[in-house]
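One chain, chain A, links the two complexes that follow: it is found with chain B in the first and with chain C in the second.
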Partner chain A sequence: MEDVFLLYARIAAYGFRRHSAYRAAALAGAFTNSVFGILRAYVLIALWQARPGLAGYDVTDAVTFCFLSQAFIGPMQVFGGGLQLAGRVRSGDVAVDLLRPASLQLWSLADDLGRAAYLFLLRSLPPTFLGAALFGIVVPAGPAAWAAFAASFTLGVLVSFALRYLTALSCFWIVDDQGVQSLSLVLTLFLSGMVLPLNLFPGWFGELTRTLPWAAMVQVPADVYLGKRDVLEALAFQISWAAALLALGALATRAARRKVVVQGG
Partner chain B sequence: MIEVDRAGRSFTVGRGSARRTVHAVRDLSFTVGAGEFVGYLGPNGAGKSTTIKMLTGVLAPTSGRLRVAGLDPTRRRTALARRIGVVFGQRTTLWWDLPLKDSFQLIRYLYKVDRIDFRRRLDELAGLLDLGSFMDTPVRQLSLGQRMRGDVTAALLHDPAVLVLDEPTIGLDVVSKAAMRDFLRRLNAERGTTVLLTTHDLGDIEKLCRRVMLIDHGRLGFDGTLDELRATGPDGDSLEEVVARLYTGSAPGTPAPP
Partner chain C sequence: MVRTYLLLAWTWLRASAQYPVSLAMMVLGSFAVNALDVAAIWIIFQHTGSLGGFGLAEVMFLYGTADMSFALADTLFGNVDRLSHHIRSGSFDTMLIRPASAFVQMATDRFSVHRFGRLAQSAVVLGIALPRLGLPWERTWMVPLMIACGVVIFAAIFTLGGALQFLLTDAPEVANAFTYGGSALTQYPLSVYGEQLVRGVTFVVPLAFVNWQPALYVLDRPDPLGLPYWLRFAAPLAALLLALAAALAWRAGIRRYRSTGS
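Moving on to the complex of A and B:
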């Protein structure tokens, strides 16, 4: 058991190091995320000045939400991808991965957590500090609030991985995953709260979006940060979705192992 | 060490009215004893890679049964992985962005190799395959020959009883090729590792294999010693001519109806 943990901890550490080979790309990402954060902040400020108290946020909450969501883009890979798996299935290299005496899903997860940790440092901190410096943002009060946010953020990464893993795994059944990728991108952008806080959506549609798994990625961690949501209820929501999606991923992995043609030679 | 008993693998391809069943391997039977060095030949698309994927547990056979190192590959994939080594010449098991030595460390954890055994085996392999000068180089910067030596090392760190090689000399220059062959010959002779070698390079076969199996259209077309293989053609024919005749001559059966 301890061995297994050590193995996956190593893989996570190597995932971190592997991504550090692409520091320039990460810094360019941080720059883009920060600039878009500023643009979005002005839009939201205008909106909240016209409609104060919208969605239960004041202007500072809205600006904080904006920069937090920008900070989530890297670690939660909001625009999709981040896993090498899809490409490896398409090229047939996954045959090598399937040979290993390890779980494909846990392996990918460990690697992805390493990636997320690296991108947290390089792509989450800069836009957050910039937002704080330019506009002023909400800061959680006390260690308990920070711990709650850390847990919620990590669960957000976990849900994001589970969804992206399923998307990547679809390559086993369909030759090209571009359709699934773009569908997933649109769903993630709108249903995570990335484009607009989900609290803005009215009626049953709003209710629905707040119960779907994508909400666990941006909306819920941001609300936990802002102190707008009961912590235990929020974490339970995220844990349920993470567990359900990871279980689905495990089933899909098993089905892929059984049925499917490994491409090429 | 390897037993294949009437194994078959079919795939369903296409959809709608174009849906049909392709038999990549059918009714394939052979055994390989411990310590043998067997060449596994066949034209492109003959079913070699499918066989290897079944032997290593990546693909489940649709009929028949297989045993490798005493285990059913599909059911005991993880246990089997610790007893066999596999090299896909056209793919790599190494981590692209990490230094070569880091890949070996990960493999040590993955295969639960004892630290002391690992150190000893790595030193030995690094010496034999001359890895010293590029241990710290990220894999993406290695030449093909260096990467292949790294891949072979990776496949042997857990001291497997069986080594399965899928085109391990593809793309290598004459010197690298000779070094690789020399290494494989010694591995088989000195450690008694059973080797199954798939290749299109008949030089590999001539230099290394005592026994040759030839698969075509998913069936075993020839199984015998290198001399017996030569004897199927007229005297004076090169191995290339003999094999080419077998590839084209073994009547191409029409694909089975769905």
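Moving on to the complex of A and C:
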């Protein structure tokens, strides 16, 4: 049991190291996220000046939400991808992965957590600090609030992985995954709260978006950070979706194992 | 040069048409992703009647003109931002030894109709917004002119972003902040942004001339910063200057280029 844990811990460490080879790209990403953070913050400020207290946020909450959502892009890979799996299915390399005496899903998860940890340092911290310096942002009060946010953020990464893993697995059935990728991108951008906070979405549609798994990625961790949501209820929401999607991923992996056809010689 | 461009673009188009299902999904995907920006504006206007002093139809007009310029520039020249990829893989060397302009080859590389999804989307938005504005006829001549100037400005920014990648080969994403960032900036009235930022995009990176300054003329609005009236007609000048700067930067980049040797 301990050996298994060590194995995945090591894979996570390798994921961290592999991504640290692309430091310039990560910093460039942080720069772009910061620029977008500033632009979007101004739009939200204009909206909240017209409607103070809208959706239970004040101006500072809205600006904080904006920079947090930019900070989540790297670790939660909001624009999709991040996993090598899809490419490996297409090239046939996945055959080697499936031969390993380790779970394909856990292996990918460990690797992805390493990636997320590296990108948290390089792509999440800079836009957040910049937002704090330029506009001023909300800071959680006390260690309990920070711990709640850390848990919620990690669960957000977990849900993001579970969704991207399912998208990548679709390659076993559909050889060209670009269509699935772009569908997933549209759903993730819109339903996670990346485009606008979900509590601005009107009526029943807004209610619906706040119950879907994508909300666990940006909206819920940001609300936990801002202290706008009951922590236990928020974490339970994220845990349920993470468990359901990871279970679905495990089932799909079993189905894919039977489906795999390695092309070429 | 135009003939080479058309020939190469046509060749890539035919190549992409070999996978019609994938192509259709990419057109739809590009349409849908950009429609999210319109959805955001629509949701914002569910909560307020005016943003930065502008109403829904006016903001949609600003969005539509900026996005049409960006979509055209992206379709025609957007691939230039894949330069670092070609430098790293060594395929840029192949382009340099061919008897055709490296810039044209870069611009047409993997030319695909999927970029038309964005163009279609901005045309729909403009088609809905323009009749609602009830513009007087004597001011509408500016609309095609501002879109054309916007195309030149965005194409120049794509080229500058490409030229920057001769220096920052490992960090091509920096260019996104200016290209896609410029597109995001011009989707809203500049009156929502801070004064320093607006001065910066008027006098340094002339994004204000993509749509903001000409639109002040079209909509007959006072400039919130009180900048001179003639700036509303300065878009062609700004586009020309930026295009010159981009051409110089691209040439300088090609001259100092050293192959990675791989």
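Here is the rule we use: the second predicted complex is superposed on the first by the 264 of 265 C-alpha atoms of A that agree within 3 Å, B and C clash if a C-alpha of one lies under 4 Å from a C-alpha of the other, contacts with A are read in each partner's own complex, and residues count from 1 in each chain.
In this text, a residue touches a chain if its C-beta (ideal position, glycine included) is under 8 Å from a C-beta of that chain, and two chains touch if they have at least 3 such contacts.
Note that the structure is predicted; figures quoted are calculated from it, not measured.
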Could you tell me if A:176 is touching chain B, chain C, both of them or neither one (first, second, both, neither)?
second
Between chain B and chain C, whom does A:100 touch in the aligned arrangement: first, second, both, or neither?
first
Touch check for A:10: first (chain B), second (chain C), both, or neither?
first
Considering only the touch criterion stated at the top, classify A:201 as touching first (chain B), second (chain C), both, or neither.
second
In this superposed model, does chain C or chain B come into contact with more residues of chain A?
C
By the touch definition at the top of the document, which applies to A:25: first (chain B), second (chain C), both, or neither?
second
Partner chain(s) touched by A:258 [first = chain B, second = chain C, both, neither]
first
Between chain B (first) and chain C (second), which, if any, makes contact with A:186: first, second, both or neither?
second
Contact residues on chain A for chain C in the complex?
22, 24-25, 27-29, 31-32, 35-36, 38-40, 42-43, 45-47, 50-51, 54, 176, 178-179, 181-183, 185-186, 189-190, 195-196, 200-202
Of chain A, residues touching chain B in the complex
3, 6-7, 10-11, 14, 17-18, 21, 92-93, 95-96, 98-102, 258, 261-262, 265
Chain B residues touching chain A in their complex are 11, 13, 49, 53, 56-60, 77-79, 81-82, 86, 88, 90-93, 95, 97-98, 102, 105-106, 109-112, 138
Could you list, by residue number, the parts of chain C that touch chain A in their complex?
19, 21-22, 25-26, 28-30, 32-33, 36-37, 39-40, 43-44, 46-48, 50-52, 168, 170-174, 176-177, 180-181, 184-185, 188, 192-194, 197
